[in-house]
Each structure stands twice: as C-alpha cells, then as structure tokens.
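Following this line, the structures themselves.
In what comes next, chain A is part of two complexes: it sits with chain B in the first one and with chain C in the second one.
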Partner chain A sequence: MRDLKAVGKKFVHVMYPKKSSALLRDWDLWGPLVLCVSLALMLQGGSADSKDDGGPQFAEVFVIIWFGAVVITLNSKLLGGTISFFQSLCVLGYCVMPLTVAMLVCRLVLLAGAGTVSFIIRLIVVGAMFGWSTLASTAFLADSQPPNRKALVVYPIFLFYFVISWMILTFTPQ
Partner chain B sequence: MDSNDDIEDVSLFDADDDVSRRSKKSKIRHPVASFFHLFFRVSAIVVYLLCELLTSSFIACMVTIILLLSCDFWAVKNVTGRLMVGLRWWNQVDDDGRSHWVFEARKVSAQGGKTSSEAESRIFWLGLITCPMIWVIFAFSALFSFKVKWLAVVVMGVVLQGANLYGYIRCKVGSRKNLTSMATSYLGKQFLRQTMATEDQAAS
Partner chain C sequence: MATADDLKFQEFDDAANLLAANPDATTISIDEPVEIPKNQHSHLQEPGREEDDELLGTDDSDKTELLAGQKKSAPFWTFEYYQTFFDVDTYQVLDRIKGSVFPVPGKNFVRLYIRSNPDLYGPFWICATLVFTIAVSGNLSNFFIHLGKPTYHYVPEFRKVSIAATTIYAYAWLVPLALWGFLMWRNSKVMNIVSYSFLEIVCVYGYSLFIYIPTAILWIIPQKVVRWVLMVFSLCLSGSVLVMTFWPAVRDDNRRIAVATVATILLLHALLAVGCLAYFFDAPELDIPAPIIPAHNGTTVITKSH
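So, the complex of A and B:
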C-alpha cells in the first residue's frame, strides 16, 4: 500500500511539474511499467483480435520506451550528469504519462469519427501533451547537468517523446 | 471437584499436544509467503510455456506474464525474502544524488526463536536460483529460433529475477563477511560499557 501511495504521489508531481527533490529521492519503476503497459495496450486497440498482425507492434512499443529511456540515461550519464541511472529512468518513465492521457483522448476522438476535424483535435492534444512531457522531464533532469551541456541532454529527450507522440498521432484502428 | 481435575488434566494434555504439533509444523513457518514465493514465478513460466496452446492472443499472454513477473519481483523483494530468510536489499539515494545499494541480513537473535527454518530457506533459494536459469534457457531458445517478439518478455523475466537473485546473493555474502566485524564492534561496545560502569563506581 505504501508503494501504491508513492506511485500516486509521483503521478501528481508529473502533472504539476515543479522542481522538487522528493520525486528524485526515492525512485521506482512501477509507475513507468503501468504507463507503458497501458500505452501499448491502447496503441494495440482495434487489431487485438487479429492473430499475427498485433503481436510485434505491442512488443515494439515496449522496447522503444524502455530502450529509449536507457539510451537517454546513458547519454546524460556520459555527459557528466549527477543523477543516478535509475532515478533518470524513473523520471523519464513517469513523464510518459501526459502522452498516455493524450492517447486516451485520441481514442475517444477516434470513436466519434475520423476526419479532418478529428485529426486537428488530435494534433493539438498530442502536441500539447508532447510539450508537457518534455517540459516536465527537463524540469526534473536539467538541474543535474552542467549548464553548458543542457541542450545536448534535452535534445535526445525531445526526440524520444517525439517518436512516442508520433506513434500516437498516426495511430488509427483498422 | 473431580470433574474439575479432569478438565484441567485434559486441557493440559491438549496444550502439550498443541506445542508438539506446532514444533513439528514450524518447519515452514510462513506457508503463505512460501506459497506466493513459488506461485508467481512458477505460474509465469507455465503461462509462457502454455500460452500458445491456450490462447491465440499474444498480447493477453504478454500482459499476463508481465503482471506475474512484476508481482513476483515485488513479493520476493519486499515480503518473502524478509520473512523466509531474513535478508533484504534496497536502494537509497543521498543528497548528492549518489545512489547506494544497501544489502542487509537480520542479526541472528540470541533466543533462536526468530531464525528462519531450514526447510524455508531451502525452498527460498531453490526457487530463487532455478527460475532465472529457466528464463535464461528460454532466452537462448527464443534467440535461436528468431522469435523476436517473445524475446522482450523473456529478457524482462531474466532481468527481474536476476536482479532479485543478485541482490540476495549480495545479502548472503555480505552477511557472512560482516559477521566478524559485527562481533568485534559488539565486543568493543561491551568493553566500553564495562569500563564506564567501573568508572562510575569509582566516582561514587
């Protein structure tokens, strides 16, 4: 129960990104796991019933999120960041949450119907949530970097969330 | 009067029997913990083996296995290790942002009442060591038969269970190594206390 409370607290922290070391102090990977599973499930969505079609894509989302987070973390460690490996992984994982919310909104919009209007709505929602994720994660992570290298750290994070939001935006159930 | 005596006798006998029964039973003192210790890991492996027969949906299988693996990781790390063998490990981050891995073993208590039983620790280590080995075998078989989509699940199994195994081995080794240092520090403390006491006596 205590772990569940900690996970819930971290969700709230991501929704209101402010600089606090409490989130960084005690890391865990439960939240990222839950977010990753739900995101992959929702990206799967419509084609879940077909046998061979859905399989690789589900694992693909998993691998992209975890492998991407590991690579970003290694990058920031190699650049001389003062943050520990798992803390960075934790922050990156939790900051996927706005994108999961965006995915939820997208599915609801797609239920209403597909067209130019719905595409514009999805574009706006995904863009906003993408900005949110990037801002939140950089707010947490940028402090640990030396100031002259900040851009080098932020750029891969930007790319990481960009790929995920691209997957969300281009998703259409068959 | 007579009946009262009888009752007392019976109750005493019962209590005696109960004690003996408990001491027999105490080989496995935490049946629930040892059950779940084995249940999650074994069922993850069983699901992995049988899922292609049972359902055609890859996603349902994968989610089930992931849930089982993460439940197992949580249970073994937070509950069963502490109850069954008295070892635990966790991560701590200090103010500088440096992380410390703490491996801890319960001190052997003087009464001997709290020490873990032999059977329990055997179950614990057996489950802890065999399951990652089975997952490693799965990993190789998935790699060589080019089942790339399964490789993600199997790698996750190997990583989660290997982490637990590594943590507990570190605990075990650390506890053995620390025993001498703990003893010396305990002796030192005792010595200090005695000298303090004698000094107090001398002062008064």
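So, the complex of A and C:
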C-alpha cells in the first residue's frame, strides 16, 4: 500500500512538474513499467497489409522505451551528469505518462472516425503531450547536468519523446 | 647598511613554491625556443607543401600533440575512460556541425575542429537523428504521394526504422574502421606526415553525415528534379569535408592508390545517399494501372495517368 501511494504521488508530480526532489530521491520503476506496458498494448491492433509494413510490435515498443531510456541515461552520465542511473530511468519512465494519456485519447477519437478532423485533433493532443513530457523531464533532470552541456543532454530526451509521439500519431486502426 | 643576514648565501626555492607563498609577486619567465618538429622537413619541402601547414593547423598542433598523450590515462574498463570521449561542450558540438556544413576550402576538418579531442557524442546522436529523420520523412513523403488514391491505405512502415538504423550505423562505424586499417597499413609502407586515430575518423564521418538530416526532410517534396539537386548538393558538401580530410593522409603514397582511396570514399558516400533515397522514398510520379473504361462501340480504352 505504501508503494502504491509512492507511485501515485509520482504520477501527480509529473502532472504538475515543479522541481521537487521527491521524484529523484525515492526512485522506483513500477510506474514506468505500468506505463510502458499499457502504451505497448494500446499500440497493438494497428492495420497492416503485411507484417512488415505495420506499426511497432509489442516487443519493439518495449525495447525502444527501455533501451532509449538507458541510452539517454548513459549519455547524460558520460557528459558529466551527477544523477544516478536508476533515478534518471525513473524520471524518463514517469514522464511517458502524458504520452500514454495522449494514446488513450487518440484511440477514443479513432473510435469516432478516422477522417481529417480526427487527425487534426490527434495531432494537437499528441503535440501538446509531447511538449509536456519533454518539459517535465527537462525540469527534473536539468539541474544535475553541467551548465555548458545542458542542450547536449536535453536534445536526446527531445528525440526520444518525438519518436514515441510519432508512433502514437501514426497509429491507424483496422 | 646591509645586515649580516642579507650577505649570507640564500637558497632560493623554485618558482612554484615561491609563487605559492606570495601569489601576487610579479614573475618573469624565460622560455627556451621550442623545436617545431615539422620544420625538420623544411629542407625536403616542395612548393606544394605550404597547404599542408594550413591543413595541419600550425598554431597549436604542438600543444595538442603533448596534451593528447595526457588525455586518456584511465584504463579502458573504467567509466572515466569513456567519459573522455564525451568531453565536449554545447558550443564545441555546434562548431563542429557548422564546420561540416560549411567546409572552408583548404582547411582540414580534423585539425581545425577536432584538435585531438574527438568525441563520440556527435557521431552517435547525428546517426540516431538521421535514422529517424529518414524513416519519418520517407513515411510522410509516401503518404503525400499516394494521398487521394482510392486503393491506398496508410501504414506506418515501422520495420524500415530498424533497416535504416542498421545501414546508417554500419556505414558510420565499419567504413571508418576499414579506412583506418587501410591507412595504418599504408603508413607502415610509406611515411606519411598526417595520420589519424580511429576515433578522429569516426568523428569526421559522423559529423559529415549531418548535412543529410535537412536533406532528408526536404526529400519529402515529391519532385524528382528537386530530390536529385538536393542529393548532389549535400553530396558535394559532405564529400568535400571527407576529401579535404583524407587527401593529406594519402598524398604521399603512390598516386594511383591515393586517387583510388579518395574515389572509394566518395563512392561509398554517394552509394549511401542514393540507396537511402531509392529505398525509403517512393518515386514521385507513378503510373498506376488505370481503370478500363468500356467505350460505346465495344472497344475498351485504357487511360494512362501521370
């Protein structure tokens, strides 16, 4: 129960990203795991003529998120960041939450139809959530970086969330 | 009137200790003239060698040679060893990118920008960006080309991301490895003034790929002429960076081998660009099989659309 409360508190922290050390100090990977699994599940069921042309498979989404988060963490540590490995994974994983919400919204919008209007709505929602994710993770991670290398650390985070947003936006149902 | 103490012999500490004790004291330093190694070649110089000085970066190449030996002192199984490859600031990375996009004629990219501080940040993240840019742009361009056709159904083509990643990372790491091995082999046969470390070659190749990122975005435009013009333009820019880097390293060799090496470098670079354009971007004007319209007098007319 205590762990569940801690996870819930972190979700709230991501929703209102103020610089707080609670997210960094008591890291846990439950939240990222739940978010990653639900995002990967929601990205299933896309249409494809052949298996080669469709959207990402479950394992591909999983690998992209976890491998991408590990690479970004290694990158920030190699550039001289002072944050620990698992703390950084924790932050990056929790900040996927706005994009998971965007995926949920996209699937609901796609239930109503798949025309141009629905595409514009999805584009706006995914774009806004992408900005929110990037800003939230930057707010948490920026202080642990050396000052003249902040842009070098923020850019891979931007690329990471951009790729996830692209996967969400290009999801087309059967 | 001098006291007896003043006339006694005094031992003076060396400058460092004195300065530590009294930091504000004025100091005068007398340096010995430093022997510049490349001047030893002066009596062998031909007129064409002046450009080597420019290409070698005369100003602080001595310092960098000395410093290069002091940099990577940590053993290779420690984390600090790999941190030395990421010892760059934001402005340095931006400078290197600028140097790869606007090559100054006659200036060597490695000597001018890398200066014995090769980094792995640039090559790795430029390749990652290029992979996703090509995959996304290819997908978008195919979407716009086929938009409006009744039989077209959009697919994200996610498999192409892994193909793009394999191709680009293989190019950015295996070709420098082969080139480095080749240059080392030639170095053992012919004494070359200029030789590059493996990381410097990886660095040049990585930064030279940067120009393809905006090119890939502009390749969304579904016009064949525009795409080929862009391709030739970016090939010229990044090819010139590579040629100006590697020509001084092979010019001392047999003429034919030098020309063949540079030609191979350019050919592989062009092959990468052409291959990416052909595989990830569909051709703009497709002849789709048109519907057969039965004419009134019984003969069928097949219309071809452009």
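Note that the second predicted complex is superposed on the first by the 162 of 174 C-alpha atoms of A that agree within 3 Å, B and C clash if a C-alpha of one lies under 4 Å from a C-alpha of the other, contacts with A are read in each partner's own complex, and residues count from 1 in each chain.
Throughout what follows, a contact is a pair of C-beta atoms (placed from the backbone, for glycine too) under 8 Å apart; a residue touches a chain by one contact, two chains touch by 3 or more.
As the structure is a computational prediction, the values presented were derived from the model and not from experiment.
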With both complexes superposed on chain A, which partner does A:172 reach: first (chain B), second (chain C), both or neither?
second
Can you list the residues of chain A that meet both chain B and chain C?
48-49, 54-56
Show which residues of chain C lie in contact with chain A when the two form their complex.
79, 82-83, 85-86, 88-91, 93, 121, 125, 128-129, 132, 136, 139, 153-159
Touching residues on chain B, where the partner in the complex is chain A
56-59, 62-63, 66, 70, 74, 78, 91, 93, 96-99, 148-149, 152-153
The chain A residues in contact with chain B across the complex are 3, 24-27, 30, 33, 37, 41, 44, 48-49, 51, 54-56, 58-59, 62-63, 82-87, 144
So, in the complex, the side of chain A touching chain C is made of residues 46-49, 52-56, 60, 75, 77-80, 148-152, 155-156, 159, 162-163, 166-167, 170-172
